[in-house]
Structures are given as C-alpha cells and as structure tokens.
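What follows is a set of structures for review.
Two complexes, one shared chain (subunit A), two partners (subunit B, subunit C).
After this line comes the complex of A and B, so read on.
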C-alpha cells in the first residue's frame, strides 16, 4: 500500500534526531580518542581556520564543540541513508587503516574502497562495470587526502555525480566540496577506531530500525486483512 | 533539400530535429540538428568481448549430451558408459584429419572445457553488489590481499601472545628448493580477473613476508594454496651392474644415437681389443682412419685399449654418424666396468652426452637451410 510506504519514508524526516545518534558519543570520548589533535601550524589549510580552536606549541587543536555538532549531523545523515537502503562507500587512502576500514564496511554490509582509485570509477562507471550499475548513494571519507597529500579524486567526482559526501577533515585538508565535513584527527589509530565504531553502530542501528518498522507495518496490514474479512462475509450473507 | 513549414518537420534520410528559438514573435527560426546513421550506431567495440549467457551454456551442455548419445549409437557402443576418451577415438575415426596442429583438428569436448569461465552479473535485483569490494574494480584481487593481510595480523597477534607468556618461537628451516609460488597466469586463472605485474609482485611479497614470520605455521594451509611443488629432477643416472654370460665372462650393453643412426654395443670384460660391427670386422666396415679413431676413443680415454672385446650392431645414417653412435654406445657400456670417479671424467669429456645436432631443414625462398639465393642489385 502506497500510503504505508509513504509513512515509512517520511516519518523519520519529521524528527531532528530520529535515530538518536547523540547518545553514541560524548565530548570526553572524542577527547580520549585524541580527535582534537591536528597537524602543525605550517600544514594548516586556509579553509580549516574556522574549525580550529587554537594552536599550542605550533600544533593546531580542533574545536571539539564544532566537531560534536558536525559529527551529529553527519551520523544522522548516514543513518537516514542507511534507513532508505542506500549504498554507502567507505573511502580512505591511509595505508595504516586500510584493513580496519574494509573490515568495518564488511561488518556493516556496506562497501569499501581503500585502494588505488581508478579515474573513471564514478564518472565512467557504465563502461568500466557494465550497463545497469547502481552507483553509491553516500561516500564516507575517513581520510580525505590521498598518498601524495592531495585532495582525494573521489570528492570531486562525487560532487560531479551529485553524490553526497561525509568526510573527516584534518587541519591540512580542504573541506570545500564535502557536504558533511567532520573536523577531526585522521592520523591516530584511536580516533580512526572511534570513527569506524560510530559509523558501524549508526548504520546497523538504522538498518535494524527499518526492518523493525517494516515488520510492524506487515503485522498491521495482516491484522487489517483479518478484521476486514469477517465484515465482508456478514455483509454478503 | 528540405521544405520546412512553420511548426512542421520533414523526416528525410538522417534524423532531423527542430528546436524553436526562444522568444521573438517574428518568424520561427528552426535550428536543425542533423545526425548521421553512423553516429547513432552502437559502439560495439567498446563494450568488450562477447559474454556467454548462462542459458546459452546450458543449451550447449544439453546439445553435447545428446550428441554424445548419438555418437555412441553410431559406434555401436553403450551410450551410458561412453567416456571422453571413447569420444576422442570416435571423432578421430569418423573425421580423420591430416592437420599438423592438434588444436586445429575436429574435437568434441564438454562446453565447460571449451567456453572460458566467466563472471556472472555482480549485483542483485535491487542493484546492490554482492561483494563488499565491488567498487574497487578488482574485487577478487583486493579481497585476496585483504585476507592475506588478515592472516598476517593473526600471526603477529599469536606471536605477541607467545612473547607475553615468555616463550620465544623457534622457526624450523623449511626446504624451499622443491616449491615455487604460483605464476601470474595461474593466479589470474584462480581469481578469474586480469592482474598487472605490479599487483602480482605485491601479492608475492606479502606472501613471502607472511612466510618469514616465526609463527607462520598456523597459516600453513593458506600459504600452501599458493605454492606449487617442482618435480625434483633426478640428478644421478644409476649405473647398471655387470652381467655374466654362460662362460662366466662379464659383459655390459649400451645404446647410442647420432643423427639418424642407432647403435647397440656389447663390451666383454676379457678380450684382446677386437671390435666387430654388424658381423664384419672393424677394418673392413670402417676403411677410414677417422671413424676407427672415434671407436677407440672411449678405450683410449680409460687406458683399456687391449682389454675389452666389443660386438656392435648399427643401422641408419652415414659413415661418420654410425661411428659416433657406436662410440656413445661403447662409452655407456664401459660405465659398468669403471669407478664412479672415472664415469664423472667420461661425462666431463663429453663421451656420455648425446650429440643433439640434426640436419636442419631447407626453408622455402632459400637455397638451403641457411644459404640464401644470390643477391642481385638490379
């Protein structure tokens, strides 16, 4: 029934935090995972200055209050995308965390790309993969630079193909083309593990919620069918 | 020539489409966009090699099974117990071919052997790909790297646990001589994907790194999947022992080839140095000194000139090649009479090696095997 489907899709959009992602992390968690540590002053990108709290002994410190807000928006968005059965692609060109990111993606049931990015992957997909392919609906960058410290090609390609992006931007990254940037550290193992854990939990939560609501709606429609039949029989008789 | 009235477009030859200029109440200006038939023909070359659908392969398998039964009936054999070898024999009988290349001759094999294995469609009905690394492009290769790296991490974790308990792991030296890693083509066959040389070398380096760790015995089964054994070639040719005939005389036989001659020689332990070839004395059979020198060379090398009697049979070839064949045969026979060290000396002197030189064929467009026709400037 179309009205039930409509309700399924529009109901979550009425609440600012339908999946309650705020409870997944706290300021203390971010601080303990060293998310506030940035690079040195010389590496600072001009557009990251609004997100930087200050500079201590030449090392930039990221403002965790802003990070909290951005992280909440980003996690909320990924949860909505996962709820609507979108394809999520985790991208990170950091060799240290390649295995971690791939395992996270596998456990969520989503996809990962932590290897060399072939030029026409998004823009030339029909020829590279074959006709009828479905492109990712969300790209999550756990490190928005590639191995030569330049912005990852996928940010620009996703912007070209109208695919929303969520990305962890460090003090040396360009947050311009990313739809939901998350200012934070992308080099420490603890911070990467935290991000992976958070994304995994939101995606699994969103998918479970979807399954739950679908089952609930199925039960409701079954009950309607059961209650409606005896009424018809009486009418006919 | 096309006559275009206001608002109407005539279709002629190629595709014409009209676009009206926006604004302006004045006469409609029609912009004609002309495309040729060649432009809207599909670029088939870009779509890659033809893919075989599952339905097609299934049909081929049905046809093959039916054909097999017909063939069995034709040959008068039982259709149930008709093996692939029987099929090959039947086809060779019914369609005799004189073609040189075995692959060019008619053959009837199971479709799975003829059509190369292919990848099926990688995503489900809702469009979501099955493999989590699909979007990388080389999913099997990268998933292999992922797995191997996971095994590496496993081994390192195990090592750390042992180190925490205070046990230092001992690595036994494995015999690496008899094994080699899979080649690039074999790996491509395993993964059903094209690889580049860089990818292959990276994978092999990762495997080597895994193997060099002390506790890698845990993942031995995984490593074995990618290593093949080389058949260790027999280094030593065993020397035959001496045989004794009715009178108690020790003798030994040897066989030799040279060009198109085949010779067998029987060398007797005690004797006066007489050599008989095909029942004829050597002086009469080989009038030329050079050939007799060749026959004597093995004996001269071992300082046993007057000590052995030889009887030989030889066929084929010419004068010189028959002499060379008998020489090799006698040398092989003498191995049984002589110590190992002297056998090694004989081998190094070249007495026990088969001469591989054969007559080279004449090529078309040339006078002989190598000689070209006389070159004329004009």
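After this line comes the complex of A and C, so read on.
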C-alpha cells in the first residue's frame, strides 16, 4: 500500500537524529584514537584552517568539537542512505588500511574500492560496464588523497555525477568538494579502526531498523486484513 | 539541608549570625533573609558540584593534560613503543604518536624483537617532513624518526636474570 510506504520513507526525515548516532561515539573515544593529530604546519592545506584548533611545536591539532558535529552529521546521513537501501562505496587509497576497509565493507554488506581508480569508472560507467548500470548512492572516503598526495579523482567525479560524498579530511587534504567532510586523522591505525567501526555500526543499525519497521508494518496490515473478515459465531462453525 | 553538614564550622557560624541579625530587624527584612539564604544555598551548591568527572572534560583540557603536549619537543625524549609489524630486519614500532617509526633490528638479542614486544626509544622527530625547492607544500614520509635503545626490562626478566 502506497500510504504505508510513504510513511516508511518520510517518518525518519522528521527527526534530527532518528538513528541516535550520537551515542555511538564520545569526545574521549575520538581523543584516545588520536583523531586530533594532524600533519606538520608545512603540509597544511589552506582550506583546512577553520577546522584546526591550533599548532603545537609545528604539528597541527584538529578541533575535536567541530569533528564531533561533522561526524554526527555524516553518520546520520549514511544511516539515512542505508535505511533507504542505497548503495554505499568505501574508497581509500591508503595501502596500510586497504584490508581493513575491504573487510569493513564486506561485514556491513556494502562495497569497497581500494585499488587504482580508472578514469571513467563513474563518468563513463555506461560504456565501461554496459547500459542500465546502477551507480553508488554514497561514496565514503576514509582517506581523500591518493598515493601521490593529490585529491582522489573520485571526489571530483562524484560531484560531477551528483553523488553525495562523506570523507575523512586530514590537515593536508582539500575539503571543498566533499559534501560531509569529517576533519580528522587518517594516518593512525587507531583512528582508522574507529571510523570503520562507526560506519559499520551505523549502516547495520539503519538496515536493521528498516527491516524492523517493514516487519511491523506487515503485521499491522495483516491484522487489518484479519479484522475486516466476518467473524463466525461458535455455533455456526 | 544536607549541604550544611559538610560545611566547615566557621561558615555555619557566620550563617547563623546573619539569620539572628535579620530576625531582630523589621519584618520587611524577612525577604532579605530569604534571598540571603537562597543566595548562600546557590553558592554552596556551585562549590560542591564541581567534582571533576571524566565525562564533562572539555577537549582543550584533555589536550592540555595529554602526554603528547606535556612531553614538549620530541627531540631526545625517551618513550616506550610496541612493535606491531616485522619485515625481516625492519621493526615497525608504534609509540602513541600520529605515525609509527621504523628501526633496524639490533644485533644484541635480535630474536627477542617480535610482534608485541615493548621497546625503549629515543624520539627524534614525530613526522619526517621537508620542503623541497619549487614545492608549495612539504613532502611527508608518513613516518616518525626514533633510535631504538633496547627492550623494556620488566620485573620478571630482572628476577630471572
């Protein structure tokens, strides 16, 4: 029934934090995972300056209060995309963590691309893969630079194809074209494990919520069906 | 009021004096007495609620008390790290900074340096960066620099040896 489906899709949009992603992380968790550590002052990108708390002995420190807000927005967005059965693609060209990213994607039932990005993967998809191909609905960058410290090509391509992006931006990255940037460390193993864990938990939570609401609505419509049928009196059966 | 039981004696005494003084004055001062005790109660509440709890520490406070900031410049500081990866003679050691450091396996006790062993390091730099001629930004090696001093001698090894 179209009415129930409509309610299924519009109800989560009424709440600012429908999936309660705030409780998944705290300031202390981010701090212990070394998310606030940035690169040296000389590596700083001009557009990252608003997200930087300060510079200590030449090392930039990222402002975790801003990171908390950005992380909450990004996780909320990924939860909504996963709830609406969107395809999520994890992208990271950092070879130290490519296995971690791939296993995270496998565990939450989504996709990952941690190898060389061919030029026309998104922009030339219909010719490279065939007609009727479905492109990802969200790209998550766990490291927005490629192996030569340039912005990953997929950021620009996703912007061209109107695909929203979520990305962890370190102090040497360009946050411009990313829809939901998360200023934070992308080089320490502890911080990468934290991000992977958070994304995996939000996606699984959103998918479970969707299943739960669908089952609930099915039960409700079944009950309506049962009550509408005439009830036989005991004597007549 | 349970708050008064924790107060030191001189504060209780001054409060009583204020109450007794106000009673002898005109009935209009009843309001003043009430506001005085309310103000005192508020002040007492503020004073006794400031118990340092882990949850409400701000980022700036956490940063200030963190070992990285307290350490100061990294040059020639002694730190303890843990080996998390071994490639033949190269040991990848994580000491709590943004990057790990890579050290050569020493000749003394070479076999004892395995994954998970704790080692003592003398830090030289937290991140190896340098600006080359004609570049707009620094080039970073994504590694820290440290000198390996030796294994961490725990009490057990001392007793055995």
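Here is the rule we go by: the second predicted complex is superposed on the first by the 230 of 237 C-alpha atoms of A that agree within 3 Å, B and C clash if a C-alpha of one lies under 4 Å from a C-alpha of the other, contacts with A are read in each partner's own complex, and residues count from 1 in each chain.
Here is the rule we use: a residue touches a chain if its C-beta (ideal position, glycine included) is under 8 Å from a C-beta of that chain, and two chains touch if they have at least 3 such contacts.
All figures in this text were calculated on a predicted structure; none of them were measured in a lab.
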item	value
Partner chain(s) touched by A:28 [first = subunit B, second = subunit C, both, neither]	second
Contacts of A:118 with subunit B and subunit C, given as first, second, both or neither	first
Subunit B versus subunit C as contact partner of A:43, first or second or both or neither	second
Partner chain(s) touched by A:106 [first = subunit B, second = subunit C, both, neither]	first
First (subunit B), second (subunit C), both or neither touched by A:133	first
Subunit A partner contacts - residues on subunit B that touch it in the complex	46, 121-123, 126-129, 132-138, 142, 146, 149-150, 153
Residue ranges of subunit C touching subunit A (in the complex, touch as defined)	54, 57, 59-60, 62-63, 66, 68-69, 72-74, 84, 94, 96-99, 126-127, 129, 131, 137-140, 142
Footprint of subunit C on subunit A - complex, ascending	27-28, 31, 34, 36-40, 42-45, 53, 56-57, 59, 61, 63-65, 149, 172, 185, 187-189
In the complex, subunit A residues that touch subunit B	85, 87, 89, 99, 102, 105-106, 109-113, 115, 118, 121, 127-130, 132-134, 136
